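What follows is a single structure, written as structure tokens, with notes after it.
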Amino acid sequence: MDFGSHAGFIFASYGLCLLTILALIAWVRFDKAHQDRSLRELAEQGITRARPENESKNAR
Amino acid sequence: MTGWAMALFQRDLRLSIRVGGSALVGVLFFLAVVTVIPFGVGPDLNLLARIGPAILWIGALLATLLGLDRLFQADRDDGTLDLMLMAGRPMELVVLIKCLAHWIATGLPLVIAAPLLAIFLNIDPIAMGAVTLTLLVGTPALTLIGAIGASLTVSLRRGGLLLAVLVIPLAIPVLIFGVSAADAAIHDPVPFLTPFLILCALSLIAAVIGPVASAAALRFTAD
Amino acid sequence: MAFWDYANPTRFLKLVQVLLPWLVGLCVIFFAAGLYMSFFMAPEDYQQGNTVRIMYIHVPAAWLSMMCYSVMALSSIGTLVWKHPLADVSAKSAAPIGAAFTFMALVTGSLWGKPMWGTYWVWDARLTSVLVLLIMYLGLMTLWRTMEDPIKAGKAAAVLTLVGALNLPVIKFSVDWWNTLHQPASVVRMDGPTIHPDILWPLMVMATAFTLFFFVIHLMAMRNEIMRRRVRALRLRAAASSHPGTAAATAQPAE
Amino acid sequence: MRSPALNLIAENLTIDRGGRRVFQDLSFSLESGTALVVTGANGIGKSSLLRTLAGLVALAKGKILLEGGEDDKLPQEHAHYFGHQDAVKPALSVLENLKFWQSFAAPAQTAGFTGIQMTPAEAVETLGIGHTAQLPAAYLSAGQKRRLSLSRLLVTPRPIWLMDEPTSALDKASEQQLLDLMNGHLTAGGMIVTATHTELALTNTKILHLQAVAPDASAPEEMLI
Amino acid sequence: MTGWAMALFQRDLRLSIRVGGSALVGVLFFLAVVTVIPFGVGPDLNLLARIGPAILWIGALLATLLGLDRLFQADRDDGTLDLMLMAGRPMELVVLIKCLAHWIATGLPLVIAAPLLAIFLNIDPIAMGAVTLTLLVGTPALTLIGAIGASLTVSLRRGGLLLAVLVIPLAIPVLIFGVSAADAAIHDPVPFLTPFLILCALSLIAAVIGPVASAAALRFTAD
Amino acid sequence: MRSPALNLIAENLTIDRGGRRVFQDLSFSLESGTALVVTGANGIGKSSLLRTLAGLVALAKGKILLEGGEDDKLPQEHAHYFGHQDAVKPALSVLENLKFWQSFAAPAQTAGFTGIQMTPAEAVETLGIGHTAQLPAAYLSAGQKRRLSLSRLLVTPRPIWLMDEPTSALDKASEQQLLDLMNGHLTAGGMIVTATHTELALTNTKILHLQAVAPDASAPEEMLI
């Protein structure tokens, strides 16, 4: 399909949007991994939320 | 003004005058910014005259905002703020009075310095008067809006820049109408009064919103 | 179950876990459909040619940038008025997303502006107000990062968010006014091409996809934020653990 | 003794600071003429309790009531807070500092509280810093600054005094003077809540000893942890 | 770099990045200033393009100087500065390394943001490159000169504005040659290289004078 | 005992601070293995003396010599200063804080001083904050921060320790631990100058009691007991 003389602008804007979206996704994923790791490390030191239903750490 | 308000006002004014000439520093910064711009822009006098009101306004904006970081911080550092919160006085009024004293000590000198600096910038007398008038009406709004930033950053050691960053978006309308009123006085066709009245209205609105938001922030972040 | 029952972060996390897969699925479907429609079904504009396709991301991104601020403003009310434990989590997590959408709107707008107006940027009212919105998002994010205590940071940011929300329309209108002063209507003004269904449909689908995407990321970011606070609280407790004096305390009034 | 005119009631106070629960479900009540002495290890929450009573730290749960207080005022507006910070402006003279606080802080007169109101000059005289009255407060030593800060409590009558380690930085003589003032305040029908690490010779005291409990029992429920 | 120097450098860099994104605040302030100027000056793109390099340089100057107040203050507030003075390391080098880390954390982001902001100011690609290049070479000089002000104001509580006032006069040569090199790249007739080389020389001179003066000031104000 | 390898000599120290003479013509000397305990009333100049020895306050008159020190180093570069401020960066982890100081502060090895150099991990373990090693220092309590600050002295061997009220903010157990460390340092041939308001159970001490002379002379005099 031909996008005419302005194809560059169209693809650039779609591409940059895609990049931003990917960056957002990467941010939440990495952040989650980071927090998960911190919680795991704390759990290894025996520090957990001393609550009966310990459902917090497996939210995924 | 009732007794306590007067006492607060006098105290703040005294402190501003006695402690390290904050007025002087503000004016010097204003002067520095205004002199630095011609160095950057180049010595073209027509150009300077054209952007002169803008330079004065931007200088005043930066000097006001960057000088605001001690508005509440000094009182917080020595425990005064805690006592003010328990003094049984409406915090909104307290903020308003502190802003008034601060403006008289640091904003007014800027307004007074503006005509002098206008000469450097090759601004003609009428425009000079217009700029000074708009600054007189507009800088209180800047102080009052800046007070919000000052109370938000009161617990942080690194006030200055962050305060400016938080407040500049809120202060843009004041800048716009200030400059456009000043410009209107230079380029006759545009009526001066409309933007000037809007500027006055903005100052009044700021006199309500600034103290309310600022008092709320002070109360919420007290600790 | 009433909304208030989700005040408990733990229950909220459960809800997120149930909701998220569905949202992700819907979001992917809408994006696929929207992209297909905007590239292959939507017609060229008679004036703008193919560049009109930028609209299908530009306009949703612009909408979302504003919606996101509304979400933050509502959450801020939640923080200040109802002291809802999830409200400032919501506001904090929304800020980076809002900044991202604003950035998208700016970038796509600029890239559209070059072929249409011949320049990437003009100091036009609408453009400038979006730029100011971006500064406000970034300022709020900085405020959050700078304050160590999340509860206090949440309150401070809530005050600023609300004041900023009040200022948002003001910026828009006043800048309109400002613009006409110096520059007669030389700036190209897009009052929207005639909304033909062929254009409207892809736009709506894309807008829905963007909205779904916002909710997905927002929920995930909120979950992260809740976990971050848990980590913080647990670390505080860990640091205090070997210190008998710093655990919680009871009192025994005695004569 | 006549029936207490004033009654400070704390119900189930729970405080979170910096995301940590400091204490939980603390209750007490205090009548006119009594002092509550708060003791406990470092970092247990004594200062936090005082600052809560002063309305400076938000309550996570619970409430603070003052029976017999002025209706249109919050409990903390009946109280003076005397903490670690002096709230003394070095650039103002001693009297200027004090006069400001006298005009600024609203007095709270309640039935049964007969505390008198001194003039600033009398107050600095009482505390033995009369000779410095005209000096800038910057010239005062740490102990003198503290006494200036204390004189604030004498120029604006308020029935509740919240005092965080009041004797710190004071030498023996001024400590005795402070205790006399505090006893006088109690006799006049005021009340005192004070955190301390040392013994205070007050006339009519209740002791609140804060103690750590088993750490995991403290898991906050609704707090975001 | 020897071990201690590396340790100091890493620590300062880490602190800049972790503590409330000081880099972000600086860039945001830069962005805010650059945004605010068109509001004052008006949206005339030709005018903006003409004064664009100056705006970028002035923005960078202010952002650098106003962000410098914590360079030594944070270390003084918690006693670190005392220990650094006794650590047995040459204080001049310590200052130089701290400036380097500070520049990487806050100056470099400004340089990186400059091309983006240049788009807003309608600056054409060649000029954009020239401005960025001059900023790259010039902002270290600003940081190093600013360090003198930072160490002078370290014992005063009110850093921000005063620091800027003290340092702006010293920084004017940097600004002049920075802007003129950038302008030269736009208006062909003027040779670019001469002012650019002078700018480089200024940076080198600042790298000597800044740390020496700053270390001396720190030693004197220790107490 | 063998002849002292190190000898710290202060001759006629005179200090002005804030335009006031704090003390005048103070002389003492201190050998390896001994602690100098500086006592005296508030504001008499104990902290000022320590900061002078640390090279932080300029001498108005007099000089400070270190016999037996490394030739190319100033006396203060043989010393650790442990004052009221912790020099702990909240944003760095406990180990990061300590590692920085280990790399940054130059060690000073002198003949006769056999103080060992611990690794950061050992040092925090020794001081009982091993479990916080990976945590940001922001999460430490005041007492823990103080111990972290103390561990600085263990990772870089320097023969002189200047300690200003070292036991403040430490509970009883950590106070004992600190005294053991200080005694160990003395045994290893180090020397300590410490200002204190309380008794310190050190093995080998000399006491320097600062006392104000007649107030109008306004210059505190000093006695070496």
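Quick notes on this structure:
In order of appearance the chains are A, B, C, D, E and F, and numbering begins at 1 in each one.
Here, a residue touches a chain if its C-beta (ideal position, glycine included) is under 8 Å from a C-beta of that chain, and two chains touch if they have at least 3 such contacts.
All of these numbers come straight from a predicted model, not from anything done at the bench.
The minimum number of touch steps linking chain D to chain E comes to 2. Annotation of chain D and chain F: jointly contacted by C, touch as defined at the top. With every chain reduced to the mean of its CA atoms, the largest distance from chain C is reached by F. Spacing of chain B relative to chain F, judged by their CA centroids, is 48 angstrom.
Rounded to whole angstrom, the centroid-to-centroid distance between chain E and chain F, based on C-alpha atoms, equals 38 Å. The distance from the centre of chain C to the centre of chain D, each centre being the mean of the chain's C-alpha atoms, comes to 45 Å. Shown for chain A are the residues in touch with two or more other chains, namely 45, 49. Multi-chain contact residues of chain D, defined as those touching 2 or more other chains: 41-43, 225. Each of the following residues of chain B touches two or more other chains: 156, 158, 162, 165, 168-169, 172, 176, 183, 223. Put simply, chain F touches chain E in their complex at residues 17, 51, 54-57, 73-74, 76-77, 79, 81, 83-89, 91-92, 96, 99-101, 103-106, 108, 152. Those residues of chain E that touch chain B in the complex are listed here as 20, 22, 25-26, 28-29, 32-33, 35-37, 39-42, 47, 50-51, 53-55, 57-58, 61-63, 66-67, 69-70, 73-74, 77, 156-162, 164-165, 168-169, 172, 175-176, 179, 183.
Considering their complex, residues 148, 235-236, 238-243, 245-246 of chain C touch chain F. Those residues of chain B lying in contact with chain C across their complex are 148, 152-153, 155-156, 158, 162, 165-166, 168-170, 172-173, 176-177, 180, 183-184, 190, 198, 209, 213, 216-217, 220-221, 223. Taken together, the chain C residues at the contact with chain E in this complex read 110, 119-124, 128, 131-132, 135, 138-139, 141-142, 145-147, 178-179, 182-183.
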